[in-house]
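Before anything else, here is the set of structures, which you'll find just below.
Across the two complexes that follow, subunit A remains constant while its partner is subunit B and subsequently subunit C.
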Partner chain A sequence: MRLTIERRLEQPRWRVVVVPVGSVLFALLVAGVVLVVTGHDPISTYHKLFEAAFVQTGALNQTLIAATPLAFTGLAAAAAFRMRLYNIGGEGQLYLGAIFGAGIGLLVGGNGSASPGVIAAMVAAGCLGGALWAAIPGVLRAFLGTSEILTSLMLNYVAAYLLTYLIFQSQSYWRETKGFNATVFPTGKPLPPNAVWPTWNLSAQGGIAVPLGAFFAIGAAVVLWVLYKRTRFGFEVQVLGDSEGAARYAGVRVRRKILAVMAISGAIAGLGGASQVGDFSHALDGDPNGLQKQGYGYSGIVVAALGRYNPLAVLIVALLIGGLDNAGNTLQGADFPSGLVGVIQGIILFSALGGELLVRHRVRITRRAPAVEAAA
Partner chain B sequence: MTKRKLALAAATLVIAAAAAVLALGTSPGSAKSTSAFKAAWIYVGPHDDGGWSQAHDDGRLYVQKALGSKVQTTYKENIAVGSQFDQTVSSLRAQGYKLIFATSYGYVTPAVAAKYPDVKFEQATGTLVGKNVSEYFGAAEDTVYLSGMAAGAAATCNTIGFVVAYPIPEVIRHANAFALGAQLTHPGIKVKLVWTNSWYDPPKEKKAAQSLHGSGSCVLGQNVDSPATGQYAESVKAPWVGYDSDASKFAPQSWLTASVYNWGPYYLKRVQAAMNGTWKPGFYYGNIADGFTKLAKYGPSVSSKTKSLIAAKLAKLRARPGAEFTGPLYDQSGKLRVPKGVQMQVLKGGTNSLYGMNWLVRGVIGSPKG
Partner chain C sequence: MNNSLLVALLASGVAYGTPLLFGSLGELLAERSGVLNLGVEGMMLVGAVMGFWTVQRVHAGAAVTLTLAVVVAAFSGAAMALIHAFLVITLRANQIVSGLALTIFAGAMGLSSYLGSTLNLSGAPAAQTFHAFFPQSMQNWPIVGPIVFGQNALVYLSWVCVVAVGYYLARTRPGLNVRAVGEAPGAADAMGISVVKYRYIHTLVGGAFAGVAGSTFTLALTPQWVNGITGGAGWIAIALVIFAFWRPELCLVGAYFFGALQALAPELQARSISLGPTELWTNAVPYVATIVVLVVVSWRGAARRLGAPAALGVSYVREEA
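And then the complex of A and B:
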C-alpha cells in the first residue's frame, strides 16, 4: 500500500470553502480530545473562546487591536509571497515603520485634535521606513542573488536591537527624558495630541473603537488586490512567480520587479508599525517585553498563507486570528494553563494550514502503485 | 443535486451546527461564585518560573487561602506590555475583576489607567501613583546585599558573575548592593555583569552564566527571573546566589542563598481594603523589618562564620533599611558619588536616589547602559 499526494488538475471552487471549514472543525475535534484528557469541558471552552473573541463586552474592540497589525503584516507577506519572494522580514520592517512614524509624529505634531496632515506624514514615514528596510534584502537578492529569506530574517534581529537601543540604551530623540518616572524605567516620548490617530466609535457591544489603522489596512488590501488583479504590473508579478524563465523571455524586468515588490511589501509592514504608534502605543515601544514579544511579523506569514495570498481573504483571516489571539488571553488563568491555550491555537492553525494541501492536491491510497497508475 | 451543491449544503449545515453549539453552549465556569470579590494578577513570565512571578503567585495563593470563598483570584501569565496588557485588562474587567496587580513596571500607563477608571491598579516596582493606581515594592537591595556577602565569602577567585535583565535603576541598584555586599566579605572582588534584556529568558540566562563562568567568574548571581543560571552553576559546581524565590531545589549543591520576596501580606491588606471600600492609592516600600524581604535558607556550603557575619548585618539593616547605600560611595571611574555619612533615599535625589540610580559602584565590570 502506498500513499501518494498529487496536484489536482482542476481546483473546484467549493473546496475553497469546505476544506478550511472542515479543517477547523477537525482541529476543534482534536483539541477537544486534548481538553478532555486534561480535564476541561471542550464545549464550554469553545464557547468561552468564541465569546471572548467576538461576543462579550469589548471583545470585538480588543480583537481589532490584535487583528489590525496582523492585517498589515499579512498583506505585506502576501504581496511578496505571490511572486515567490519570501520576505520574512515583516517583523523588522514593522519596527522601522514604527521608528519612522513615531519620529515624524514627534517632530511635526503639536497640540489640538488629530491633524490629517500630521497623520499623513506619519503614514508616509512609516511606509518609507518599512520600504527602505525591505529594500536591503531586495537589492541583495536582485543584484547578488542572495537568499532574501535569510537576509530579511536576520535584519529582524538588527531592527529589534535598534528599537531597544533607541529607548533603553541611549538618550535618543524617541525616548522620554523629562520627569523622574522617565529615569525609573525607560519609555518612549509620548506623541503630541494631534499625532494620535482617531478611532471611529460604534455603539454596539458596549462600544467598539475601530482604529484608523484598520481602515488603512482595508485600503491597502483593496489597492493590493487591484494592483495584482487588474494591472500589467500585477500580471507580470504573477508570471514571475510561476516561472522566472518564462517571465524573462517575455521581457519582464526581473530586478525591477524584485525591488518594487520588496518595497511594497516593506511599506505595508511599515505602515503597520506607524499604526502601532499612532493607534495604540502613542509612543515608540522599545521594551523587549512589548511590541517585540508580540511577533506580529511572523504571525503575518501564517495569516498570508491562510488567506492564500489573496488580500481580501487576508483581512478576514487577520480578524479570525486576532480573535483567537485575544480569546487566548481571556481563556488562560489559574484554572486554565496558558500552555494549553497555545496548544489549542497551534492545533487550529496547523490543521487550517494542512487543509490547504487538500485544496490543491489530492491524496490517493493505492495498493500497488504502478499498476494503478498504468490503468489511470 | 450535483456533488458541488451537496458539499455546499453540507458545509452550511456544519457551520450552522457549530454556531448553534457556540451560541447555546453553557459555560459553567462563568456562573460560579458571583458574590466573591475578584482580584487578578498579571505576570511577565510563567506563574511557576521559579523566581519573580512565582513569588507573586505565592502571594496570590496566600490571599486565596486567607480569604477562602470570599475571594476569587486568577492570573494571566506571559503578558506583554502594551496592547496585550490592554486586552487582558479589558477581558478581566468584563469578567468582573476590578482589582488588578500588574507585577512588572511598564504595564500600567497613565493612558490605561484613564481608560479603565473603575479598575483599581496595583503596579509593582514603579512610581506612577494616580487616582486608581498604587505602586508597591520593597528594599530588596538590603537582602541582595546580604546575599552578596554570601557570594563574596564563597569566592575563591577574584570575580563574581552576575546575570542581569534590563539596564534600569532597579537592576542597577541590586547589582550595586550585591557588589557592596561581596566586597565586604571579600575585599577587592569584582562583580561582572552580563545583560539579557529580558526578565525571563532561560536560554539567554544560561548563555550569560556560561560566558561569565568561562571568563573566570567562580561564583554566579543574578537579577533575572528563572533559575537557569543556577542550573548551569550546578553543572559546573560553582556556588550560586539566586533571586526572588527559594530556588534551591534547582541547584541543591551550588545554592548559597537568595534575596526573596514575601508579597502575600501586602496583597492581603490591599485586597481587604478594596473589599471593604477603604482602598486608596499609595506608594508602599517594604523592608526586612515588616517581613517584605527575606533571606532564603542557606545551602550546604555556607560556613557558620559567614552565617554569623550575615546575621549581624541583617540586624543592622532591619533597624536601618537601605544603610548599605551610605557614603562614601564611589562609581566605576572612582568618582565620589555619595559623600561620607549621607544615606541615599528611595525617591528623592535624582540619580543619587534608589529609584533613579544610573551608575555602577566601584568594582563592578560592565556598563550601566546595557
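And then the complex of A and C:
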C-alpha cells in the first residue's frame, strides 16, 4: 500500500467555500479535543466564545474594533502574497503608519469637530509611512535580489523598538510631557479634537458604532479587487506571481511591479496604523504591552491566507477572526483558558494550508506496484 | 578586573547568547535540508513551558530532574516541528505561511500560554535551576573565570552541540547527504537519498534544539514561567543563521555578539554611562545587522558561495523536479 498525491488538471470550483469553512470546523473539532483532554467543557467554552464575540451587548462593537486593523493588515498581506511577494512586515508598516498619522494629526489638528481635511492628511501620512517602510525591503528585493521575507520581518522589530523609543525612552514630539500623569507613566500626546475620527452609529438602541476606519478598509478592499481583477496592472501582477520568466518574456517590468506592489501593501498596512490612532487610541501607543502585543500584522497573514488572498473574502474573515480575538480578550482570566484563541487560529490556518493541497491534488491509495515492471 | 565592563559584557553575552545559539543551530539543520521554519519562537515557548512544567512536577535529584526537563523540552519542540514538517514536506504547503502559523499556534497567545494557564505554572519560581557548573574558586580566575567557568551546564552542552553539528555536516556521510538534499534535492533523490526522510529528521531535530533553547530561559536565565518569556529570541535565532552564513561555528560567534548587545543597555545603565538612545540601538542592531548581511549575501548571487542552501524553502515533488 502506498499513498500517491497527484496534481489535478482542473481545480474544482467548490474549493473556494469548502476549504475555509471546513478548516474552521476542523479547527473547532481539534481544539475541542484539546479542551476535553485538559479538563474543560468544549460546548460551554465555545458557547461563551460565541456570545462574547457576537451576541452580548457591545460585543459587536468590540469585534469591529478588533476586526478593523485585521482587515487592513489582511488586505496588505493579500495584496503582496498574490504576487508571491512575501511581505510579512505588515506589523512594522502598521507602526510606521501610526507614527506618521499621529504626527500629522498632532501637527495640523485643532479644536472643533472632526475635520475632513485633517483626517485626509492623517490618512495620507499613514499610507506614506507604511509605504516608505515597505519600500526598504521592496528596493532591496527589486535591485539587489535580497529576499523580502526576512528583511521585512526584521524591520518589524526595528519599528517596534522605534515606537517604544518615541514614547518611553525619549522626549519626542509624540510624547505627552505636560501634566501629572505624564510623569508617572509615559503616554502619547492626545490628538487634538478635530483629528479624532468619527464613528457612524448603526442603530440608536443597539449602540453599534462603526468606526470610520472600517469604511476605509471596505474602500481599500474594493479598490484592490478592481485593481487585481479588472486592470492590466493586476493581470501583469498575476502573471508575475505565476511565472516570473513568462512575465519577463511578455515585457512586464518586474522591478517596477515589485516596488509598486510592496508600496501598495505597505500603504494599506500604514492606513491601518493611522486608523488605530485616529479611530481608537487617539494618541500614539508606544507601550510594548499595548499595540505591539496585539500582533495585528501577523494575524493579518492568517486572515489573508484564509481569505485565499481575495480582498472581499479578507473582509469577512477579518470580522470572524476579529470576533475570536475580541472574545479571547473579554473572557481572559476567570475560568477561560488563555491562549485558546491562538490555538484555534493556528489550527484553522494549518487546516486551510493542508486543505489547499487536497483540492489541488488527488490523493490515491494504491497497491505497491507488482514486480512485473522490473522484469519487463 | 572581573568587574570591568568588557568582562561583564562577555560573560552575560555567553549566558544570553545560549538560547540564541541552540535555536540557530536547530534552524541551521532544518535549513540545510531545505526547510525554512519560521516557527522557532513558538517551538521555543512550548519547550520553555514544558521544561518548566517538568521541574515543577518531578521530585528527584537536581541532576535527574533537570536532565529530564531538557529532554521533555526537546521532545515538545520536536512535536511542534512535526506539524510544520507534515504540512510542508508531505502536503507541500507554503513554508512561510506554515511557519508563521506555527508561531501563532504555539506562541505567546497560543498553546504555550494555554499550557501555562491550564497546568497552573505562573507565579512560582522554578523548583530546580541550572547553576554555575564549576566551583567558585575557578569562577574567580581573572577574565576566563566569569566568561568561561562561570556558566551553567547548558552553555557547555551548547558548545558540544556546535562541535557535533559542525563535524556532522562536514565529515559524516549523513551530513553530506543533508547538504545534498538542501542544495539539489533532485540529484540527491537520483542518488538514492530519501529527500522526505532527511527533511523530516532535520526539521524535527531543529525543533528539538528550539525546545532546548526555550528551556534555557525557564531553567537558567529567568527561572519562572511568564507568558512570552522568550521575547522574540526565536526571530533573532532565525536571523542568526543568515548572519552566520549557515555555519555552526559562526552561529556561536553571532549568538554571543547578539547576547552581549542585549546585556549592553543594563550594564551601561548600571555604570551610568550614556551612549545616546542605548536601548533603541542595542535592541535594533541585531535586526539591522541581519538585513545588512542579507543584502551582502544576495549581492550577485554571493549567497551560493557563502552557504545558502539552493533549495531552501522549495517543496520537492519528484514528478515535477
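Assume the second predicted complex is superposed on the first by the 351 of 376 C-alpha atoms of A that agree within 3 Å, B and C clash if a C-alpha of one lies under 4 Å from a C-alpha of the other, contacts with A are read in each partner's own complex, and residues count from 1 in each chain.
Keep this in mind: a residue touches a chain if its C-beta (ideal position, glycine included) is under 8 Å from a C-beta of that chain, and two chains touch if they have at least 3 such contacts.
On a predicted model such as this, the values are computed, not experimentally measured, just so you know.
Bringing the complexes onto one copy of subunit A puts subunit B in a clash with subunit C. Applying the stated contact rule after C-alpha superposition, one finds that A:S115 touches neither subunit B nor subunit C. By the touch criterion stated above, A:V184 is placed in contact with subunit B alone, subunit C being left untouched. In the superposed model, A:S23 lies in contact with neither subunit B nor subunit C. Looking at the shared chain after the overlay, A:S275 reaches neither subunit B nor subunit C. Shared-chain residue A:S338: touches subunit B and subunit C both. Shared-chain residue A:Q93: touches no atom of subunit B or subunit C. In the superposition on chain A, A:S299 contacts subunit C only, with no contact to subunit B. In the superposed model, A:Q169 lies in contact with both subunit B and subunit C.
By the document's definition of touching, of the two partners only subunit C reaches A:L357; subunit B does not. When both complexes are aligned on chain A, the segment of subunit C among 185-193, 221-229 or 293-301 whose C-alpha atoms clash with subunit B is 221-229. Within subunit A, the residues touching subunit B in one complex and subunit C in the other are 169-170, 338. On subunit C, the positions that touch subunit A within their shared complex are 38, 83, 87, 91-94, 96-98, 100-118, 227, 232, 235, 238-239, 242, 277, 279-280, 283-284, 287-288, 290-291, 294-295, 297-299, 301, 319. Those residues of subunit A whose C-beta lies close enough to touch subunit B in the complex are 12-15, 17-18, 21-22, 25, 28, 41, 43-44, 46-48, 50-52, 56-59, 61-62, 65-66, 164, 168-170, 180-181, 183-187, 280-282, 285, 287-291, 293-294, 326, 329-330, 332-335, 338. Touching subunit C in their complex are the following residues of subunit A: 6, 34, 38-40, 86, 88, 140, 144-147, 149-151, 153-155, 157-158, 161-162, 165, 169-170, 295, 298-299, 301-302, 305, 328, 337-343, 345-347, 349-350, 353-354, 356-357. On subunit B, the positions that touch subunit A within their shared complex are 4, 7-8, 10-11, 14-15, 18, 21-22, 25-30, 40, 44, 46, 60, 73-84, 86-88, 90-91, 93-95, 104-106, 111, 125-128, 166-170, 197-199, 347, 350-351, 355-356, 358, 369-370.
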